[in-house]
Every structure is written in C-alpha cells, then in structure tokens.
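Chain nomenclature is as follows: A, B and C, assigned in order of appearance, with residue numbering initiated at 1 for each chain independently.
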Amino acid sequence: MSDLETRLVAEILGIRAIDCHSHVPAESPHALSLLDLLGYHYYTELAHSAGMPAEAVDPAKGEAEQIGEMVTRIETLSNTVQYSWLMEAARELFAFRPERLGPKNWQQLAAVVAESGKQPNRYRVVLDKSNLEKVFLTNRFDEDLSGIDREVFVPCLRTDDLVFQLADPDVRHRLAVKTGVEIGSTDDLRDAVRWLMRYFVQHGAGSAAISLPPDFVPSAPDEAAAGKALARVLKGKELSADEATALAVFTFDVIAATCKQFRKPFQLMIGVLRNVYPAGVAGGRDLLSKQGSLMAYAGLFRRYPEVDFTVSVLSMAWEHELATFAWIFPNCKPSGHWWYANIPAHIEYALRARLEAVPKVKLIGYYSDMYKVEFGLPKFNMYRRLLGRVLAREFVETGRMTEAQAVDTARLLLRENPKRIFNV
Amino acid sequence: MSDLETRLVAEILGIRAIDCHSHVPAESPHALSLLDLLGYHYYTELAHSAGMPAEAVDPAKGEAEQIGEMVTRIETLSNTVQYSWLMEAARELFAFRPERLGPKNWQQLAAVVAESGKQPNRYRVVLDKSNLEKVFLTNRFDEDLSGIDREVFVPCLRTDDLVFQLADPDVRHRLAVKTGVEIGSTDDLRDAVRWLMRYFVQHGAGSAAISLPPDFVPSAPDEAAAGKALARVLKGKELSADEATALAVFTFDVIAATCKQFRKPFQLMIGVLRNVYPAGVAGGRDLLSKQGSLMAYAGLFRRYPEVDFTVSVLSMAWEHELATFAWIFPNCKPSGHWWYANIPAHIEYALRARLEAVPKVKLIGYYSDMYKVEFGLPKFNMYRRLLGRVLAREFVETGRMTEAQAVDTARLLLRENPKRIFNV
Amino acid sequence: MSDLETRLVAEILGIRAIDCHSHVPAESPHALSLLDLLGYHYYTELAHSAGMPAEAVDPAKGEAEQIGEMVTRIETLSNTVQYSWLMEAARELFAFRPERLGPKNWQQLAAVVAESGKQPNRYRVVLDKSNLEKVFLTNRFDEDLSGIDREVFVPCLRTDDLVFQLADPDVRHRLAVKTGVEIGSTDDLRDAVRWLMRYFVQHGAGSAAISLPPDFVPSAPDEAAAGKALARVLKGKELSADEATALAVFTFDVIAATCKQFRKPFQLMIGVLRNVYPAGVAGGRDLLSKQGSLMAYAGLFRRYPEVDFTVSVLSMAWEHELATFAWIFPNCKPSGHWWYANIPAHIEYALRARLEAVPKVKLIGYYSDMYKVEFGLPKFNMYRRLLGRVLAREFVETGRMTEAQAVDTARLLLRENPKRIFNV
C-alpha cells in the first residue's frame, strides 16, 4: 500500500458515517451471544454451501450445539470476505487475538461476547467505536416505533409486505390494527399508506424502502384494475398473475406518491428472487437473476421527479445501467453495494465507475445491511479501505484530485450525502 | 506510476492519431466562447443530474447567464472524468492555470477562449497540439460537403434518419432535394442511397455510420414487406410496428450493400435508447439498456463478409460479446469506447480484454465523439494514458511484449488501423 | 511484481495440479508436428479473423503449406494471450529461443516438435514438466476406453450427442452398438445411459460432461412428452422445436439421475452457440450469447442435491450469477474459466470475486480444455500467475490471509478440490 493510500485510508476511517440501511432490531441491537454473530446468514449459508447440513443450525438446537457445528466448519470459508468481517469484529470489538476462529478457541470469544452483551446500551459503544453516527433500521409497517433510541437509530418504513403480500389477510389485518383503516378500496389503501408514512415521519423516519424482484415493472398504475383485484382479494379469491401485478404496481405507486407528499426518499433495492433454494438455512434461500433492466424504472423516475430514489441493484449485470441512469436522472441516486454485490471485487469496480461519471453529491457510498451492530465496523471498514484505494489510485495519483479533495469526496459519500438526502 | 509506464505513456502521447468518429461541425469546428465548452452535453446533463434546473441552460438565455448557472454548480461534478477533460483542455489549450473552475475565475478562461476562437483556422492549431492527424465528422445525408477542410476532416455519412425516419415527409423531401430521387419504391431507395454514398465518397468520406437501439435486429430484409410499408408511408398512413421494422431493416440492408459496393466500412454504434428522459437538457435525454445481444448481428456479419463493420456498444453488458465476435468474425472490428462506456473504469477493463484476445490489427483504439475540437486532446489523452497503463502492467511487465512492441501496438490502435480500415 | 507475488507464484508453480477438462485424444496426446500446435483452433481462427482465408488451413493442403500460411500471418495476433501460450510452450517444451515465431524460424521449431513427438510416451514427459498429475479427457460415449493410459488420463463421458442428437439415426446406432440397447422407449434410454456410465466408471471415469446453449432449461422432465417425441423419431419423423426440447430435457435429466446413482459429478459448460459463423475455420465457428440466466438451473440444483454440478459459463455476463449460485447451492461448484472467458482480464476479475465470496473448498481453479498436452503448461502457468497475483494483492497484502494460507488455498483450487470432488 502506497503512503498516499495509507494516509487516505486513515483519514477515511476517521469520517463519522451514516449507515442508511440495516436490519438491526431496535429492541436488541447488539450481540448477546456468539451465536448472534455466527448465526448471521452469511456464515450459516456459506457453511451450508460448503457442506454443513442445514439442520446443524436449526434454531430448535441449543446455542452451544449450533456454535459447535459452525466453528468446526468455518475454516472451509476462511477465504471469504465475510469471514474477514467476523474476525475484524472479534478483534476490534471483543479483543479476540487468535488469527483464526475454531473449535479450540471459540469459548474464549463466546465469553467476551456474552459479557459485553450485558452492558447496558452496549450498542452505543459499538457504534461509537465503528465511527457510525446514525444507523437506519428497516421496520415492519406495524412496528411500534416509540421505544427506538433515536439518538443513534433512524426508522425506515419497509413496504415489501404492502406491495407484495396485500392479498394475505394477516397483512391486511395488521394494517387495519395499526392504522385503523380497513382496506375496502384503493382509496383506503392510499389512506392507510398515508397514515403509516405520517406515523413513521413523526417518529423520525428517513425513508420508505422496498426490495423488488428483477422482473418488477413499476409502470403507471391502472387504478381500476387494482380496484378489481382488491375486490377479489376481499372476497377471498385467488388473484391471477395479472391481477396480482396490477395490485402490486398500484400499491407501489401509492407509496411513491406518499414519499412525494412527505418529501422522503424511497429506497429501491432491485433484483432479489426469494426462496430459490428452500432447503437452505434461514436467510440463505434467496438469489438474484441477471435478467431485467433498470429501463423498467425510467417511467417511475419521470413520474416522480420530486422523489429521491436511492437505488441498489443486486446483480452486477445491472451496475452499468445504474451508474448511467444516475448520470442522467436527477432523482436516481446509487446507494451502496448490496448483498451479493457487497464484495471487494465488485465494490472496487462499481465504485470507481460511479466516482468517474456520477456527480459526487449524488452518491450514497455504503450501508451495512447488518442485523447486529457489531458488523457495522468491519463492513464499513472494508468499504473505507476500498474507497481509499480507489481515490488514491484513480483520482489522486492520476492528478484528477488533490489529497484534500479526495478526503472531501469520501466525506460526501460516507456522511454528507446521506445526511442531506435523508435529512437526518 | 512506474518508470516503464511513464515511458510508454510518453511514447503514446507522441503518436499522431486518427479520430474516426466525432460530431465536429465542419463550419464551426472550434470553440468561439466558453459556452461552446461548458455547453457540451456532458456538463449540462451532469449539472442537471446534480440538481440544476434544465431551464438554467435554456438556449433562449444569454451566454453569460448560462455560463453563470454552470460555473456556480460545476463543483458538484468535479469528481468526474468529464470534468477532468474540461480542465485539461482549459490548461493545455487556453493556458488556464487554476486547479478548479468556478464563479470567481471563469471570466479569465472565457476571455482566452473568445480571443483564441477568433484566430483563423484555430481548429488546426488545436488538432495539431492534440496530436490528431484526421478527425472524422458525422454528416447529415443532405449536408453540403464541398466546403469541408479535407486536410484534417473526413466526412462520414450518418444514416440514422434514412433507416429510422423515412416515414417523415421532411426526411424524404430532403433526400429528394439532395439526390434528385423521389422515393416511390424500394428501388428508388437503393438509387438514392447509392447516389448519397457516391457523393460522400467523392468528397473523401471514410464510412457510413449509424446509431442503433439495443433491440434492433438487422435480419435479411423482406423487400416485399418493405415495399408495402413504403407504399403506406407514401399514402400518408401510419405504420404499424412491424411495418416500420420491415422498412428500417430493408433500408439498413441497402446501406450495408452500398458500403459493400463502394468498399467502405459501416460504423455501427449499438445500444442507445432515445429520449428516455425528455425533461432533461439538450443532448442529455438518451440512455442505454443492457438488454439485447450482438447475436442479432451475426446474420449481418455473415451476409456481408466484404464489409468491415466497426462496432461500438453502449452497454458494458455487451462488451464481452463484442470482443468474442471480433475474435471470430473477420469483419467485426471493435471500435473505441462509446459515450456511457467512455469512462476509465470501463475502458481499462475492455481494452485489456480486447488486447488479450483480438488480433491487434483489428482494433480501433479510440475516437473522441466530440462536438468541438477542443475535447480531442483531453479525451485522447485519457485513452493514451490508459493504453500505456494496460500495456505496461499487463503486457510488458508480464513479459508478453517488449517495450518497443507495446509502442508498435499502440500505434496500430491509434493510427495505423483506422488509416488502413477507413483508407484515409 | 512484488517480492510477495514472486514468492507466491513460485510456490503455486510448484503445486502438482489436476486438469479436470481437456480434449486430449488418448491415442495421440502429444504433438507430432508443428501443425498440431499451430492448428489449435485459437491460432487458425484468430489468423482467419485477422484476414487469412479459411482455405489457407484446409486439411486437404499439405502440412508445410498450412504452416507456411500460418507463420506468415501470426504476427497479426502476437498481442494475444493465446500467442503467449504458443511461445511459452515452444520455449519451455521445445527449447525454442526466438522471441517471435515467423517465416524465418519456424522450421527450427518444426524440427524439434517432430523429433520430440517420436519419443515414446512423450506426453508423460510433457505433463510432468507441466506439473500436471492427471488430465481428464472428454470421450465420445462409444469410445473404447480400454487402451487409455490411466496413470495420467481420466476418462469423462461426453453427453452432448445423447442430449442433442438422439434424433440422428447414426447416434442411436452407435449407442446400440456400444450398449447393446436399441432405443425404443424412455426406459431403454435410461438403460443405455446407465450402461454407459457403468462402463465409464469401470474404466476410471471422473464425471459426465456436457456443453449447453445459453437458452437450455433443464426443467423437471415430462417423460410422456419425451416418449412421444422418441416415438416420432423412431418413425423417422422430424421433431418440432417443443418435441426436440422435451426429448433433450428428458435425456439430460436421465444423465443427471445416473450421475446421482453412480455418485459422479456432472460437468456443465453453459452458454455456447454452435456454428454461428459457418464460413470460419474448423473449431472457430461457435460463439456465445449473453442472454439467459443460471436461474434456469435452479430447479436442477434443487432436484439433485446429491450430485455435484461443476459449472462453467461462457459469457462473462453470467459470471456474477455463477459465483452467487455457488455461494448458496451446496452442489453448484464453479469450475475454471472456459474458452472465451479464459482471458487474463476475465480470469482475474472472476477469480477474485469467487475467492472473496465462495467457500474455498468448492472452487475448481482451472482446467486446460486443450487438444494436445503441450498447451497444459502455458495455460496452467497463465492461471498460476494470476492466482498468485490475486492472492498476493487482495488476500495477503490486505491481511486477510497469511502467505502460507494463500499457498494452501491455491493448493485447494489446483489440486485438492478436483481430487476430492472427482474422486481421483
């Protein structure tokens, strides 16, 4: 690593970042046991992929047994970047010194994790050490937001269920209980979504969010068709594929319109196919497809010029489109490196291309997507190092930026852009 | 940068290049004012993408006002490679020394640009300093080519209107005025295209050229269907999508056949979708889609083995196909790095892959695609540096080429291949 | 090259590798003449692509004449990595010292190749020098395996003809002659495939293998539909596209089921389109398409959890999907870098991404795909150097692996994984 890169990385590690997407549970944000770390789907799914039976981490089993299964096998995935997250978290947050985790030393780590987990507000210590100022949550639409520690957490309205599961009576029931609106018409749906967004905004929410399959097309909605589909749903009838699509497209549009009304960004996470591998471990059953095109979203970007769409794509085949759409559409803002694209090889390529062609004020550098706050540190550090590398090698060494400008650019990506775009 | 790379880049900067694709207007090739530089669509569209209203650069406004809007906002895109083109042009061609352009110093640059622009044949000085021997133009089919400075400019027959706008009476009228052929039949179309190509060749044209949407399929034409579509057009009737396609496919094939007859290459620029964002600034409304496949062109390459097709693709998702088609089809020649792919991250990857697997005599390294000659220097320099980097790191350092062979290879890409292929 | 990289490459060059896919003919594995090297389709197709008429290497011509055509033109492709394979083989295996091959020195090389080729078991010397312990063959289903030198070669049942050419009476005849089973029903097909697999396994086969077009979908078979299609075939009738698909999908599934029964992996090589350029040289007529998705294989991976599918994709557009499918599906194992993806630019990117996200025990690093054993050395050496580079730059220098762990990882990819997965 060049001296320049070393200096830049050090500066970037010092930037207090905003993490605009995570799955941290507000009621239990930090790890209470080693299984809270080893149970992260990356480790269980990779261990399963390398040969561990899915049953080995059946939640019905005891913690120690599950941990035992994992640590005897984790060497099979010690090459992965995910493993390096685990080891960096163990080292930096739990003072775990061994170079590898295994059957002979896991109890040492488990003891420290358990002990640390008992500290009140341990998560604040962790986030502080991780140099993360705020972490967005991803809340169920009917979640009670009143107890959230808003000093560090920012709620976010997850809308997947509304868009794709409205035919499920339980979803409608939860919606009615939360909002007081029994959905009988498309207007009711508008009212309910408005109610939710108001509630979320009142509790400090930064945005709505949704994950979408690669073949979803958010066209201009046909409200009459959506109304008919809704009427069939209310009669307990099955929807045809076309009817289900009409309803989903309408509901999606209602959410976008509500984002416009409340001046909140809409986080679009595009490209996931759910339950492709049902025999996998929990959290390790979804995959991506390279099919589809961001062109499907052009109409949405045109219809809602006032809404900031912060966009992540799951397939690297979509990455070039994302950067070009962000280059042209003012309201399309590339956001982080999601899940299967959250790998150094892909981040480095995508990050360089975005930095070379998208205005720097539009780029949301990174988010953790984590389930426990302990992973914020290693995931963000991975990104911070790659950002330092790209800025050093492609921008400062080529004379396109000074070192100070590179640091300023990093500050935009990690902190100032998410603060401004999400108004936190 | 290693000593080797420094030496190679210096050698490559010294190669007098051929620029086989630009939009330089023969009648006004160089900038007369700073707005001729800042008005380049890259800057207006990126500034708009970063938040500037499109109206800020409405041509109805005065020059100073438009420039003012741009320079107050241009810092938002100072990270982009396009910004670096602007600053390199300002520095190298107008002796502008500040590191950034802004509200406080733009008048200094504007004065020099305006002053320089008054020099007769300023464009020749610029091209000479840019180390560009010849620059191809992209001429409307009915353009008067007689006044072109053929010492430095090479005409090129742009055929987009013929293929995709023949149903427009104005296009047919312009065609009749230029060629004397009133299009009444498919044979007339052949005659008109032949007339045009002869005219262009007589005026030194290097090729025909066209930009194509990603879903265009240049199949073997159905002349009867095209004739019927043409007959409907002549009666003022709307064409169905199938009829429009039949006519476009036929006209495209006529142009390819005429290229064969006149032994001229056909520049195919594949992948653009027009007017995806109509609310954007002029020149900043088109985008790409990753959909489609170069396989659609296999039949064309088979039907016209005598025609050199110099091919650019707009989507990086097509880049691997392009290199493999060029590896197999003798008449498929990869050409430059077009528009949304003209970014260092993409050029470096694509260039390395082409150099590693396509015979060096087939590669057209780069073209500027510029609208004013001032951008030839920074765009080509960007490419020259990347070419030096790739040759140094992947070919000389790995022992696959000597330093002299690397320079010879660069000379093929920048100069000798376009000279030979376009016979200039 | 850093000292670290130099040391790593040296260690990796010392690993005795398994080559799990080649087209080496067991009866004539090493080159007997220079044309056996220059006639490799990479050289003839690239020379043709660069302008050599296909007739120049018509097998009807004499060897010297064909070689003459090649060597006068080979400079046109001296930039390619394929050329570097030729020169490294010439240097390392035939002590050929000139830096370039050409009309003035080819006879020197030709003499050494011819002389060396006369040595009995020359191929063993070549493989030993190449540090290859075993090389898989790709055998026709009716090949006589009895004479194969199983000390170094491993048979592999190529199933392309069975899946895609069963309507050809000659294929069915060959099948009947080999297995004694006249195909009259789908059950007969099962019997015949089982007979073949047993025969192959008895002769030490490591796997079945097939190459597939990008639009093939290995869905759950419809045996009734396949039976009807087979009945039509047996009556000498043409199959519709749907019928042909039903038969192919069924036969493919029978082979997968037979792999399960015999506990053998199934090598899937996905993405080739045959005879896209019929006017090309032999072996240089096939291409790829970026279209399609590995999602088409999800059902197969689910149906046969017991079968290891070692998967290669031809299009780089599929590479991200491959790594993610391997990350989730235990039985999907990425294998090597195939044909048009076997280029350093692509290998380096794909290899890094696989190593960063797929458990190391699942990765089959490389195979040669060669037709003569002489190409094993340069092809594997290209890979060994890239592996050293990626491990040095991305794993050891970033602190994610020690140097010893990097070498251990390389040993898995080159040797231990293929040994374990193919049980050789």
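Following the convention adopted for this analysis, contacts are C-beta pairs under 8 Å (C-beta built on N, C-alpha and C of every residue); 3 or more make two chains touch, one makes a residue touch a chain.
The shown structure was predicted, so the numbers you read here are calculated from the model rather than taken from an experiment.
Undergrad: Which chains, if any, touch chain A and chain B both?
TA: Under the touch definition, chain A and chain B have C as mutual neighbours.
Undergrad: Rounded to the nearest 5 degrees, what is the angle of the rotation relating the C-alpha atoms of chain A to those of chain C?
TA: 120
Undergrad: Copies chain B and chain C touch; is their interface built from the same residue numbers (over half shared) or different ones?
TA: Mostly different residues form this interface, as fewer than half of the numbers used are common to both chains.
Undergrad: So what's the Cα centroid distance for chain B and chain C, whole Å?
TA: 39
Undergrad: Got the chain C residues that touch at least 2 other chains?
TA: In chain C, the residues touching two or more other chains are 317, 349.
Undergrad: In the complex formed with chain B, which residues of chain A make contact?
TA: 293-295, 298, 301-302, 305, 317-318, 320-321, 324-330, 349, 352-353, 355-362, 394-395, 397-398, 400-402, 405, 409
Undergrad: Under the stated contact criterion, what part of chain B meets chain A in this complex?
TA: 1, 45-51, 76-82, 84, 99, 273, 276-280, 284-291, 315-317, 340-341, 343-346, 349, 385
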